[in-house]
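In the two assemblies presented below, chain A is common to both, partnered first by chain B and then by chain C.
And then the complex of A and B:
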């Protein structure tokens, strides 16, 4: 049975009397412990789907079910324990005037979970940060370290589902590798389900079992990992994304005689 | 033919904790070709680009044994001579159109400002040149873009406007600092082919600064790999896959690949002498 079901989701915004259809009739379903990718260009609506699930964007039509139940509006505490999100820019998503300790222990306080001391230390260990980082502020950390804090924060309530919105696009290649490895390790250890957005097909291919290609707010094509790596896409748009992927450039290069 | 030659370039910033060297002895030469400079954040690649135009403010300091552009030593040039070179002979495209275009001027006003001030053109001629420049970077509805403010444009459009602006004076050398990192892959390909055409048709020299090794390998003729302010390896782009330096190899290996193995990605080993 699928854990996350999105059925005919439509998200519309009204700006200056204009109606903007950010997402139009997108359906997808993710089974438990699966990793599902959303890929597309800027403005294709991929991040908006994650935001709609979290209640950060208005659901104008369609349904979102988690574990077979329609999610409530407003989302509420039970939802927060089930689903958490990691945002794209670790420079913007951590409170600049809160210490790491305060960022990590706030969800515990809200949910009345005790033993916060040990849990914060445990969370830092889990994401591979030294314990003495606990009383630092975000500006004293590098981008990769901040993203680790953002992942630790998302995991404080031990949710089963992580929504990942371009978690590594603001990071250097070597740091991206570390964060992707961390996410995969946590997924194995805790049996997490990922719904992940990225514009980088190589990252999606590395992380995800299935991927949905989006364009202009609509779903274009769903691909399994095998179809993606075997270049068996049916639509022209998915193929153009595949061909333009930087990863392919390297492949071509290897083929040319040096 | 050498357009630019740089010997032992250093950029130093005085801080409370003593001097910090952002660029530590970089040397290279450039003909009418595409030279890529790659490196991670903090490797000094942007500082190298800015130092070529002497665009580093005190307390930053630029030192070099020689920095010769077309027979003229940029280190000896007066501020007045530098102003004559900037834009006209050497132009730079900055990373982010959101921060590099003036938010309270229309695109048209920004494009024609230089033409009217520098080249003393009248309104009509300046406008014609600006429209031609926008068309040269494949902007189809140039009239609409001329009347728009930067916030009304998408990232890719803004990036193209900046390239158009830098190309109006027909510079001999263009320094492009991550010109495509804010763009989608398909738009990226378009912007690269525009730059490529300009190098080929006008014989312009191009310094392409990027953090993306794969992109640089595809697009440039030669590549400098920088780490902590030094050039650790210089090689022809076609030989990139045969790179020997451990840092370059590490950068290549830590990228996920479509159809690659699913195991943990190798990290970057920074334990060698080169990482000092």
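And then the complex of A and C:
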């Protein structure tokens, strides 16, 4: 049975009398412990799907089910312990006036989970940050370190599902590989389910078992990893995306340690 | 002492308390590097000391009248800053009056920004009709000149020091609400607010724990810059006889009582005027200095 089911999801925004259909009738299903990718160019609606799942974008049609149950609106605390998200820009996703300690202990405080000292230390260890970073502010960290903090924060509530909104697009290439390998390691260790957005097929190829290609808010084609590496695309659009990043997919991302 | 400094400056604090105290210490070091801010701090500190020990410092009873020694010029032996029209020692009255000034300033500084922050952040965070209603109320308060509105409120509530404070606080909050709302609008759609919402945080936690800290520095700076204005409005209400009542030695009231003698006995009005000037200047300088201190990004790496 699939863990995440999105059925005919439609998201429309109204701004100044204009109606923008960001996502139109997209369906996908992700089984437990799978890593599922969403790929497409900017504005194709891939991030909006993640935001809709989290309740940060309005669902105007269709259904989202997690573990067979329709998710409640507003999402609530039980949902927070099931699903967490890592945002695209680590420079914008950490509170600039909170220390790392405050950022990481906040979810524990919200859910009334004790023993926050040990849990914060453990979280820093898990994402490979030194413990003495604990009382630093985000501006004292590099982009890659910040993204590690954001990943640690998302894992504080021990969710089963992690939504990744282009988690490495704001980072440079070497740091990108480190963060991706960290995510893969955490997925193996904790049996996480990933729903990951990227515009980069090389990243998707490194991370995901299956991928949905999107264009203009619609699903174009679903590909398995084998289809991707064998370049077996049916649609012209998926083919052109593949051609754009084919040279980098041959490059070795695995060489860099997490 | 050296050990304490090392403990405070430790770049890798081991406990939350140490980290917090270390931040305070760094803030203090930054403040200390700014000579203007330090002079502001010294003035405000002096005001606090003078107010705390007023009965000990004051050479005379501020209320004791001696009509045989009325309107003596500054420098008269026994009356350093001269005497007023009832023969009361002006220096003693200024020293005792610092308590009233501090009381008014303190109460306004606690109530008005609190109210402003609350209204501003709630308005900015929720948006929609909440924002429209709260901001129109703010507009109404802003449309009145502050002194006139304070006058109207005191006229309704009756003269007295508490009512003066209440009137000033009720007229002082709209600018804070505006500042807080503007800051809230810039952060409410940010990813870090989305992240904490996604963690299941309730609205009070988001507003108090995540929105208010981003607004707080600009509001605190505004408060210190406004303190001068608060002292002047309190003085203005005193001057018009609607604030503190005679014979209490409030600075504005003292200026008011000296205006009959402004040309011949200038010191009666000038001395309390100088006191208001110096204290206002002190708060302004301190406010400028706090601007640097309250931004963690200016911390040495």
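The definition used in the following text is that the second predicted complex is superposed on the first by the 246 of 258 C-alpha atoms of A that agree within 3 Å, B and C clash if a C-alpha of one lies under 4 Å from a C-alpha of the other, contacts with A are read in each partner's own complex, and residues count from 1 in each chain.
The rule we apply is simple: a contact is a pair of C-beta atoms (placed from the backbone, for glycine too) under 8 Å apart; a residue touches a chain by one contact, two chains touch by 3 or more.
The shown structure was predicted, so the numbers you read here are calculated from the model rather than taken from an experiment.
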Answer with first, second, both or neither: which of chain B and chain C does A:137 touch in the superposed model? second
Is A:16 in contact with chain B, with chain C, with both, or with neither (first, second, both, neither)? neither
Provide the residue numbers of chain A that touch chain B in the complex, in ascending order. 41-43, 143, 172-174, 176-178, 180-181, 184-185, 199, 201-203, 205-207, 228-230, 240-242, 244-254, 256, 258
Name, in rising order, each residue of chain C that touches chain A in their complex. 11-13, 16, 19, 22, 190-192, 194-201, 205, 209-210, 213-214, 296-297, 299, 301
Would you pull the chain B residues touching chain A in the complex into a rising list? 40-41, 154-155, 184-189, 211-215, 217-218, 238-242, 250-252, 254-260, 262, 264-268
Chain A - residues contacting chain C, complex: 54-56, 75-77, 79-81, 84-85, 87-89, 92-99, 101, 106-107, 110-111, 132, 134-135, 137, 139-140, 150, 153, 157
